[in-house]
Every structure is written in C-alpha cells, then in structure tokens.
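One structure below.
For reference, chains read A, B, C and D in written order, and residue numbers begin at 1 within each chain.
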Amino acid sequence: MAGSRPLALRDDYAVFQPITTRWADNDLYGHINNVTYYAFFDTAVNRFLIEQGGLDIQNGNVIAYVVNSTCQYRQALAFPDAIEAGIRVEKLGNSSVTYGVGIFKAGASEASAFGEFVHVFVDRQTQKPVAIPTPIRAALERIARAPDAC
Amino acid sequence: MAGSRPLALRDDYAVFQPITTRWADNDLYGHINNVTYYAFFDTAVNRFLIEQGGLDIQNGNVIAYVVNSTCQYRQALAFPDAIEAGIRVEKLGNSSVTYGVGIFKAGASEASAFGEFVHVFVDRQTQKPVAIPTPIRAALERIARAPDAC
Amino acid sequence: MAGSRPLALRDDYAVFQPITTRWADNDLYGHINNVTYYAFFDTAVNRFLIEQGGLDIQNGNVIAYVVNSTCQYRQALAFPDAIEAGIRVEKLGNSSVTYGVGIFKAGASEASAFGEFVHVFVDRQTQKPVAIPTPIRAALERIARAPDAC
Amino acid sequence: MAGSRPLALRDDYAVFQPITTRWADNDLYGHINNVTYYAFFDTAVNRFLIEQGGLDIQNGNVIAYVVNSTCQYRQALAFPDAIEAGIRVEKLGNSSVTYGVGIFKAGASEASAFGEFVHVFVDRQTQKPVAIPTPIRAALERIARAPDAC
C-alpha cells in the first residue's frame, strides 16, 4: 500500500497529536503491543476529523469505517513513554481517504512504527458510501501531501 | 472500602496526571466504558510510582500487584474528552498501600468517577510480600492524606 | 458491598459462561491484568441479559449502565488459560440489580477473582432510570440467590 | 503483502480456533472495532505456537515479535457473535514466518476480515533474530499452504 514517499520520518507528517501511554499497553514482552499501534492510528485520525473537520461521532449522519490497514514496526516503545502520532493524507477520493500515520517517541525524528489505513465515509443509517462532507474534505486537504514532482 | 473523607472533589487529591482518551474507550452506548476507568487508575498510579518512586517495572526486584479495587461512576465521559487522574494515598502499610483515585474531565471540580485500590508489593521471583522500598515509601508519604482531625 | 454469603466458590454461582483469553490480557508481569476482570464481568452479564432476557444493545429503548463495581483478586490467571465466568443476582430492585461474578480457571472450584457490580436500567433517550423490563426481570429472578435462612 | 491465493474463504485455512467476543469489542458504531481484529490475529497465532509448537511465552529463550501486519475488512461483526480464527502459514523462512489469518462468524464460509502478519523469532535476552526452534518449525510446516501448481 505504500506510496512513493516514505512515512518513516517526522518531516513526512503534516500534524501531530500527543498520546499518553497506559500500563496495559505493555504486553508480556515488556513493550507496547503491536495491536495498540492501530488504536493510536484510529485515535489520532478520529480526533483530527472531530476537531478540524467537525465529524460528529455521536449523532452525525455521516461516519467513517476502516476498510483496510497496515503497519510496519521499527523500534519498540513502552509505557510510560510519551508518544506522538503524526498524520497526513496520502490519497483523497470522493468517499474514501488513505491516511499515513507515524508513531514517534516524543521528539524523535524517526518513527517507531508507521502505516496506512483507509476510511470510507458512509451514511450512518443506510451504511452506503457517501461523498466526504465539505468541512471534513477541507480539513483533509490541509494535510494532504504534495504531489510528487516529476 | 471508602474512608472517612470523600474522593469526589478535586481538592481531595494530591497530584494529577493528564490522560488522553482513545477512540475505542467509547463503547456502544457512546461513553467511556466502565472498565476503562480501572485502566486509568492503574496507569496513573504506576506512572507516579515510576516517576516519583523509582519503580522499575521492567527489571526491578520488587513489583506491585492489585489485590482489590472499586469504582463509583457519577458522570459519563467520552472520547475525545481530555481527562485528568487525581491520586492520593489513603492508607500506607508495611507492604501494602491503598490509593484513592479520581477521574476528572480536564479542569472539572467534581470527579466523573472515583475509587480505591490496594497494591501489595512483592518480590518478583518469590511472589512473596516485601516491605515497600524506601524511595517508593517516601513518594507515597508525600501524597498521603492528612489524618482526620478529631 | 459484599453480602452475607461469599462469592469465592463455584457453588455460589447460578450460571457459567466460557471466555477465551487473549494474548494482550497478559500484562508485563505475566498475568491477566486486573482491569481485564471487569471486562469479563461486563461481558458475562451482558451476554446473559441478551441471550436470556432479550436485551437489545443495538436498538432497544432500555439499556443498563454500571454505577459501581468492585473486585477481589485471589489467584493469578494467564493467557492461554481457559476460563469461565459464574454469575448470580445478589439483589434485585425496581430499576437496578446487583450481580455477583466469579472468574474461574476452567473447572476450578475456587474463584481466581470475584466481585460485584450494579446495573441501573435507563431509557436510552432520556437517560432516566426505568423499571427493569419484564423479560429481563424474569431472567434475573432465575439466577437470584436464595434468601439467607435465619 | 497478499500472496497468489486468497484468504477470504474458510477453505483457505488449515486450522481454526474459537474466540469469544467481549462487550467492549463493540465500538461506538456498534461493531467490533477494526483494531480488535489484530488482537484476534495475535491471540490465534500465539495460542497455536504455544499449544502445537511448545512456545513458552513466560520463560522461553526464544520469543516472536510482529514486524508488520495488515488486515482487510469485509463484513462487520458484533458482540455477542461467536467467531473463529483460521490460520495458515504463507511463507516460512529461517527466522521469520508470514501467517494468513481469517476471522469468521462461527460457521461462515466467507471471512469477515482477513490479513497477514510476520513474526520474527528472537533471543529474549539479546533481541537478535534466531532460527525458528525445531518444534515450532514442525508445527508451522503442518499448516503451510501447498505451493502453487505451475
């Protein structure tokens, strides 16, 4: 799923959000469990959509479902590390969007893990895909990566 | 398990820690799931023990197990709310400690939920109770509530 | 919160449900994290209400909120242990119910952990307490403990 | 990451494990959260390695880390659905293995979600890659998909 530019560096991301780690994020092997990174992805992107795009997760008519996701793990993290999630938009369609997300130890220049996932926007009642609402699209465009020069 | 003083107000707590909420903290009913508050308790107290008392969760000889816990729920919270956990020591024994913990919407004067739990310190190898290590005890004493006037 | 009878033994419970443990239930110390037992409580009781009482968690007008909970931990469990949750009704009111729940290693006679929690039934729209719906009440009565002889 | 054969059907998998869903697996939108499927992946594979290959997650010298993962979501599931995880080995290297995993509503012929992930086996102390231990390799070979005819 990876695009032509990497997601491994801080400079690859448009915006960042702090995430506080939790005791139970650490698994038996002493590091944040691989599954938890996807919870960070979900959290960072939904927070962005709510705060910057006006997504109303409780009552809005349009909601977003994840249809696929992927993650590469590079460096272990562990509670109580302070971390940050960087996000950007890789590809913006009519009803779907592909995000790049990187998880960094606070202040680090290289991502501990990074990946991509796709949201499809649907009508909450019919569950059918719909066009991305205008305020959300505007927010997404602000964090879209520039097209590759060629 | 409640002591003679309440745990419902901000003023009841000695120290506070910020916690960022996550998408999946919200359950089907739209609020942070009751179970998750105990994860906040665990996280706030372990972070305090690590940062203020030098608890080494990865390699230390002494670790702390929860032997009982309880929580009262007053006001619902929901992702993406910013929250804080207030903690204090209710009772400090030779090898065990009872904490009071309150979960607040950021800046709120009344707790959304509060409770208590008991840690018993044990030797990591033998799993037998041991005296609370000196630096941890010193940290706990700093957040112990004052004895009730009588 | 404990009543006059214990919750520590298999014979104390009216019905049982199997629960499969998960990799991340184990925390850094190698055992199922204390928080996860409350997830077992929630799961066992809601499954009972759905299957035996007709609770409709997706669309029903009446839902149940946890207002307090408590747990005592006796013996550690760990993934991949097979476990069972025993449940019974401790106290049945007009709009609320107190459950006793015990978590057992599959086949064990003594609970690894046990506790109680209180559900208040509310109208999903108004969030106000309502009488427990008849089919749910009937199911709860079937697992209520007998009054103590005196 | 997908190989030349699909992972969408029951017949694609070598072995199955039952998984019981939990109340909090359902997110605000009423379905099992996308993140939780990765917890199912982790659980199914580790259980297989423990039970069939003798992996000792508590004390063994060799453990397995996830280095990348991916999932495709096709049909929503929801607590209290009974589910099954199907697993097979896609590719078996000297120190790493790629699994295919499918999550099925109990008895269904089409997967609700499926994906792949890679385990690298490492020495618990040095954290360096090591050859997959013989009993684990033998177990993995038993669930490896047949090479494509050509």
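Everything below uses one rule, namely that a contact is a pair of C-beta atoms (placed from the backbone, for glycine too) under 8 Å apart; a residue touches a chain by one contact, two chains touch by 3 or more.
None of these values were measured; they are calculated from a predicted model.
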**Message:** Comparing the two chain pairs, does A-D have more C-beta contacts than B-D, or is it the other way round?
**Reply:** A-D
**Item:** subunit B and subunit D: spacing of chain centres that average the CA atoms, whole Å
**Value:** 35
**Item:** Averaged-CA centre spacing for the pair subunit B and subunit A, given as whole angstrom
**Value:** 30
**Prompt:** How many Å are there between the centre of subunit A and the centre of subunit D, using C-alpha atoms for each centre?
**Reply:** 23
**Fill in**
subunit C touches at least 2 other chains through residues 23-24, 26, 28, 30, 33, 35, 39, 42, 57-58
**Message:** Which label fits the chain touch graph of this model best, line, ring, star, complete or other?
**Reply:** complete
**Item:** Touch list for subunit C against partner subunit A, complex
**Value:** 23-24, 26-28, 30, 33, 35-36
**Prompt:** Where on subunit A is subunit B touching in the complex?
**Reply:** 18-24, 26, 30, 39-40, 42-43, 46-47, 50-51, 57-58, 78-80
**Item:** Residues of subunit C defined as touching subunit B within the complex
**Value:** 1, 28-29, 33-35, 38-39, 42, 57-58, 63, 65-73, 117, 124
